[in-house]
Amino acid sequence: MIDLIFVLLILTGFVFLGSGRLQFSIRTLAVQGILLGLIPLWGSWEGLWVRMLSITTLSLLIKGFVLPYYLTRAMHKSKVMHEDHPFVGFTTSMVVGIVCLGVSFWLASRLPTLGGTQPQMAVAVSFFNVFVGLFVIMSRRKALTQVLGYLLLENGAYIFGVAFAIEVPLLVELGVLLDVFVAVFVMGIVIFHISKSFDHIDTDQLSSLVG
Amino acid sequence: MINDSSIILFFLSLLCAPILLSVINRTKAIFAGRTGQPILQVYFDLIKLMRKGTVYSQTTTWIFRIAPLISLAGVMTTLLLIPWGKIPAPFTFTGDFILVFYLLGIGRFFTVIAALDTGSSFEGMGASREVLFSAFTEPILFATLITLVRLTDEASLTNLFHGITPFLWTTSGAALILVAVIIFVILLTENSRIPVDDPNTHLELTMIHEVMVLDYSGPDFAFILYGASLKLWLFSALLAGIIVPIHTDNVLVDGSIFLLCMLAIAVAVGVVESLMARLRLVLVPRMLVGAGAIAAVCIYLTLK
Amino acid sequence: MLANDFTIPLLLLIPLISGVLALMIRADIPRRILLLSAASIHFLLTLTSHNAPPAFGGWVVVDALGCIFLLISSTLFLVACIFGIGYLAREKKDEQRVHVDFESNSLFENGPESLLTGCLLFFLTAMTLVCVSNHLGMIWVAIEATTLATAPLIYFHRHRKSLEATWKYLLICSIGIALALFGNFLLTVSTTTVHNQELPLLLDQLIKSAPFFQPMWLKAAFIFLLVGYGTKMGLAPLHTWLPDAHSEAPSFVSALLSGALLNCAFLGILRAQQILIAAGLADFGRELLIGFGLLSMGLAATFILKQMDFKRMLAYSSVEHMGILALGVGLGGSAVFGSLFHAVNHSFAKGMLFMAAGNILTVMHSKSTIKIRGLLHIMPVTSVLWLAGFFAITGSPPFGSFLSEFTILKAALEQGHIIIAIFYALVLSVIFIVMAMIVLRMSFGLPRNTDPIDVHESWSMIAPPLFLGLVTLMLGVYMPPILERLLHEAALQLGGTL
Amino acid sequence: MNMLLVALAILGIGGLAALLIHRNPKFANGIGSGSAVFGSLLGLMAAILLLFSSPPSETIRLPWSVPYGTFYIEADALSAFFLIPIFLLTGLAALYGARYLWEPKNEKRIGSHWAFYNTLAVSMVMVVIARNAILFLISWEVMALASFFLVTMEDERESVQRAGWIYLVSTHLGTMVLFFFFILIGNQASSLDFDRFVIAGSQIHPQASLFFVLALIGFGSKAGILPLHIWLPEAHPAAPSHVSALMSGVMIKTGIYGIIRALTWLGPPTTGWALTLIVIGSISGVMGVLLALAQHDLKRLLAYHSVENIGIIFLGLGIGLLGQANDLPVLILLGYGGALLHTLNHAIFKGLLFLGAGSVLHGTGTLDIEHTGGLMKRMPWTGALFLVGAVAICGLPPLNGFVSEFMIFAGAFQGIQYLNALSTIPGIIAIVALAMIGGLAVACFTKAFGIIFLGKPRSSHAAEAHESKPAMLIPMIVLAGLCVVIGLAAPYTLTLLKPALNTLSTNVAPTDFVKLTNQIQFPLTYVVVLSALFAVLVALLFWLRKWSLSGKSIATTVTWDCGYAKPTARMQYTASSFAQPLMKLASGVVRLREHLVKPEGFFPSEGSYSSKSPDVVHEGFWTPTLKASEWFLLRFRWIQMGSIHLYILYIAITLFVLLIWKLQ
């Protein structure tokens, strides 16, 4: 069952790579957020229900709903609906994605299994999402898409965290979530400024600072 | 150390020096089929000049006036260090020959700046050539000295000349002959004789030493003339000291041998002057470099 | 020591609260007073903070390593604030809200000063947290926080270039931080081998039980942490955001960025290195650090050469010096001491230079190293500071950086790293030469007749950089015993010898 | 020692005071120069006392809280000997400078100038007495920086900026090499205190030659040996004259000091080292004087002569080393003695010449030899004093230059005398080189003196030149006096050298030492006697001429002009024409950039000739090297293209590479 979720996560990654419509990408991210939120339910929590629940709900809330909503608004503000002609075409991106997948599985296999209940697949999946995230950021023009890519990257790390049910204290957990949230928030603001003063958000045209 | 006895020789050489010039002139005259000037002509000239008044250019400063004194005094002092062949010099100490050449150097320094003092372009030209040639002669001289020091294991002129024995001639005659040749060449250069320079010409452009002293007259010129003769004496004495190996402890014999040798050298110079034409100026450095090459060979010979 | 239980909480709370206040205060004067007082109190507390008792259940302590970086940050912050306030006052004085960007002749206005002040104080809070926290997770949170707090500072001058710079800064650093997060998780997993479940990421405990960690995971973790924090620290080739941000931010902010922020990221790496050392994997980390160090130094040289923009030049010099720090720690031995000492020297010297640069910029209205000539005749004091700063940053005696760079070179040769030593010396010389070209050209010569003549240089412009300059000079001829002890302790923490 | 420290304190405080009151130039000038003069007077006394103090050296050793640092200073005989020229020239140049600088255009900078001047003085002293690498390097670099700021005093001139940069770079590179030297030798000794540096006492240390080379490069770049000399001809003309005097006279000698000091650590030398020193010395000497001959800027000319004289000093050191290598004590004494004495002498006459150049500049406003002429009439004092300096630097008797060159010559000849075939080669090279240098130096200074001070003025500058004030003449008179005194008191100058020589010739038994020094004294005595005789003869001849001319006509008229209608001053021989034949012959090593406009047509209206000689080493080696490395560095500029996508690509690649490389 949990493996299904991981598979879904990988698929969402591919979907993300293949899609040019921002609205759609944002939805994909939302789905990922929800899936992330669900993972802990399979974790091994000896009597830490409160904690587990709180984290689940929080991540569900933020990653599944708040951020997508906020990003959609930002998208409408900057009137950019579609990532047209990225540096790397969508089909090619998918191919790259496959390569990333391969590499991630290889890396995962390099890291020895540590006894216990940790699902090995999680490692590969998280690596995969990290790489895809990086790739998206460097292959897409629109600032907004880059933010999405960043979130993908973030998710990659986060998958790992929750899948291994790492017992990082609540405080840190919250800190992480908060940071991600604020980061995206600030980026949104900057994007807004960019679209205002450049009346576009093509980051490849932001290249006046050279040398 | 000081050899008081030799002081007499010093004055003797001061006295005899001008004869060499006359001898040269006489030789040339004979070659040219003339009777030539009397043997004491140079002395007459000197006395005549000493009697005359003098004329100074208004461009000049005290440098011009002091120069002849310094160059003459310099060369006179050097004679205190020059032995008569095997007879030791009045003063002798390690490295005295260094002092000899540097005393000549200061004389040259002042002659040259005196020439520049007149502001005449000819004398400037002469000055320029003078320093050019001396820049060549000095290293060559010291190279020959290296050879002699290596051969005799001595580092002062008197001992050097003592070290030159018939035996040395038999063992390393080649080197000695070469050294003699070099010193003869340098003698010609330093005393501005043919083939380097022609003291008798009256075309300023062709002259080196003479042109520098164009503006001198009277006693100053006498000093210069006399200085020139002393310089000739000095170099001839060096040459003589090298080529005469014989050594009897009898001062009279040695002295006379030495004097004869000096005369011979003077005659040789005269012969060369009669037989050779003056070299073109550009060729002179070539000749000197040739001498340098020979000096190098000498050193090489002594290193074996 | 006057340190008591409240020291550390106060260190954190004072800037935080005053930051919140600053956001609310409308009037300039009280806000500036607040900023100053907060900064100075923080500074005083810092002075007393060494081995203050841990707080929050051992989550925050001030060990030697942290204390050094705390000292640097706090001092620099105070000085920068004094300078900054003078700067803001001048900016406000000329009444028009709109300024002209003389490079591109475009108009721009400044952001709200309240936001600036608030973010400054949050920045301070975050830095303090990095320095004092004993929990890797919290260090991560704090470093990310510094990114977020500084973004608005960089975008204080509201024009396109600074906007671009801000965007690059945000995106690149956030990516780095995300990777670092991943690293943290990997690290946690690697601890499961101890007794079959993860340990809390409390540094001291980790160090205790490090020998039992799973090496492979630990290595992976370190790589991620290094790349992540290295991005923030400005190690080549991850440094790309650095020159843009430094050149576009207001000068005193640039001073803080390169004097304090980079150090904080460096501290993050050092913490990871501590664990590696404890785990007996020291060499693994050291190799990587040496590699990054040399690369950064070399790359910096190529960009300082013929650099057109003097603030960018300073930024690249920061890259170079971060490289030196990494190299020093990588070499180990006495180089660790040298490296930490160099961190101190670099921060102060660089702060001085950036402030001098700020003065030049405000007077000459240009960042061009070509247009500006004859500063000695235009603004004598500043240009003297500019020259002095140049000598201080290039490690010429009698400035402190000479001693630290010398120590590192010595260590390199002691350990027989001949090639590294030669490369190091070579790059240092090259950078000296090319920087000299620029700095001398700016200071000497006759000013163009369009240039302002005998500018009045107010104390608020002169005093702060002068002070920093005197400190570096002092460090070159006399090292305070307390600092020496701190450095030695910290060096020991990082497996250095004396 | 305390006296020395007091002197330093005076210098330091004076400099600081001058800086603080720079708003009032008059006081600043007074205090700055005054403190310099008094400080150096005191210091000079201290140095002489230290030189002859009964415990040969005094030491102060305090803990110092910088890494590897101890505040460890010591004044042994060697240091004391070097202190003498430092203080001597500092004082005199300050006296001169106080008047020389006193012009409206300098008022703003006079305070800072004296601050740097005194700093330079203090740092030079510290360099000589420091006994800890850190302390030494700090003093060394402070010295460099202070002199740098003195050189760039008139920073608005383009040439000065260029000079400043070149000087700064070369001195910094030199220091970098010194870092390596001190670190490596320090790692051997496991301490950076000099007294621990004496590596591997008697047997030859494996790395000794490496250390030797490092020291040679590091200190040589300061001393100005070829090919590291390029900063001298730039910096000296740029600096104010009294500063050039100080730098060229004393500062570059700290390089010599460094080499000598280093040699005391490196254990027994090999003949190879001696040969190295002598070859370098010969090249520097001959090239230096040739390049000097080609210059028309008086100060450039003098700068190249510093290169030449450093060469001579190296020859001396080489002879000394030769003596050590083949343990021939007499060589050690003659070689080192000559080198040390020449160090002192060069300080004196080069100081004199630079000050002279200063007053030429002051009086005429130009340093271009071609625009001068006939100054002897308008500035007789400067002329006479410059003449003394010129004769001295050519090493002609009876002045001081001859004494030191004589010692080196004598040493070389003794070497040839006593050594076996192959180890004589250094000596031979040294002798020939010295002889060449001698001849060329005469050529060069007859040109300089003759063209500048004699003949007719070649320009209006020279025509209305004016003599300098006494305040500027007095220091020159003192230096000229010293030239004569050292020349005529040669045997006694040896007593000045003895203590220093004693420290250098460690492996010579004290009894031998005394015997040898007497053995050296002996020829020197004769040199002096003959010099005296020479002087007497000059006097006699003078009297003789006076007598013979009494009552006869002494006319004055124009120079004999071969009947030219209107000889003008422009027709005189110029510096370039004077040097031309030699330059033609040396064209292989000295480049002459000639610019000739031939007179054309039947009624030629204009024709002109000008020539300048750029530095061969500079143009042939350093410039191309810099250009090449710059080209290489600029290849990498594409990295920062401004595209954020690229930047993130870097991060990704780094991550990938590290993961795949490190985790396999």
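As written, the chain order gives the labels A, B, C and D, with residue 1 at the start of each chain.
Keep this in mind: a contact is a pair of C-beta atoms (placed from the backbone, for glycine too) under 8 Å apart; a residue touches a chain by one contact, two chains touch by 3 or more.
On a predicted model such as this, the values are computed, not experimentally measured, just so you know.
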*By number of C-beta contact pairs, the top two chains*: B-D
*Mean-CA-position distance for chain D and chain A (Å)*: 70
*How many Å are there between the centre of chain A and the centre of chain B, using C-alpha atoms for each centre?*
101
*asked:* On a C-alpha centroid basis, what's the spacing between chain A and chain C, in Å?
replied: 30
*If you average the CA atoms of chain B and of chain D, how far apart do the two points sit, in angstrom?*
36
*If you look at chain A, which of its residues touch at least two other chains?*
107, 110-111, 134, 137, 203, 206-209, 211
*Two or more other chains in contact with one residue: find those residues in chain C.*
167-168, 171, 175, 179, 216, 220, 243, 303
*Listing for chain B: what residues touch at least two other chains?*
none
_Pairs of chains in contact (touch as defined earlier), listed by label_ = A-C, A-D, B-D, C-D
_Touching residues (chain side chain C, partner chain D) in the complex_ = 167-168, 171-172, 175-176, 179, 216, 219-220, 223-224, 226-227, 231, 237-238, 240-241, 243, 284, 288, 299, 301-303, 305-306, 334, 337-338, 341, 374, 376-377, 391, 396-398, 402-403, 406-407, 409-410, 413-414, 421, 425, 428-430, 432-433, 436-437, 440-441, 443-446, 476-481, 484
*Where on chain D is chain A touching in the complex?*
637, 640-646, 648-649, 651-652, 655-656, 659-660, 663-664
*Touching residues (chain side chain D, partner chain B) in the complex*: 373-374, 376-377, 383, 387, 391, 394-397, 402, 406, 409-410, 413-414, 416-417, 421-422, 424-425, 428, 431-432, 434-436, 438-440, 442-443, 445-447, 449-451, 454-456, 522-523, 526-527, 529-530, 533-534, 537-538, 541-542, 544-545, 548-549, 552-562, 567, 569, 571-573, 577-582, 585
*Could you please specify the touching residues of chain A with respect to chain C in the complex?*
107, 110-112, 114-116, 118, 126, 130, 133-134, 137, 143, 146, 150, 153-154, 156-157, 160-161, 164, 166-169, 171-172, 175-176, 179, 182-183, 186-187, 190, 193-194, 197-198, 203, 206-209, 211
*asked:* For a test of understanding, state which residues of chain A touch chain D in their complex under the given definition.
replied: 87, 103, 107, 110-111, 131, 134-135, 137-139, 203-204, 206-211
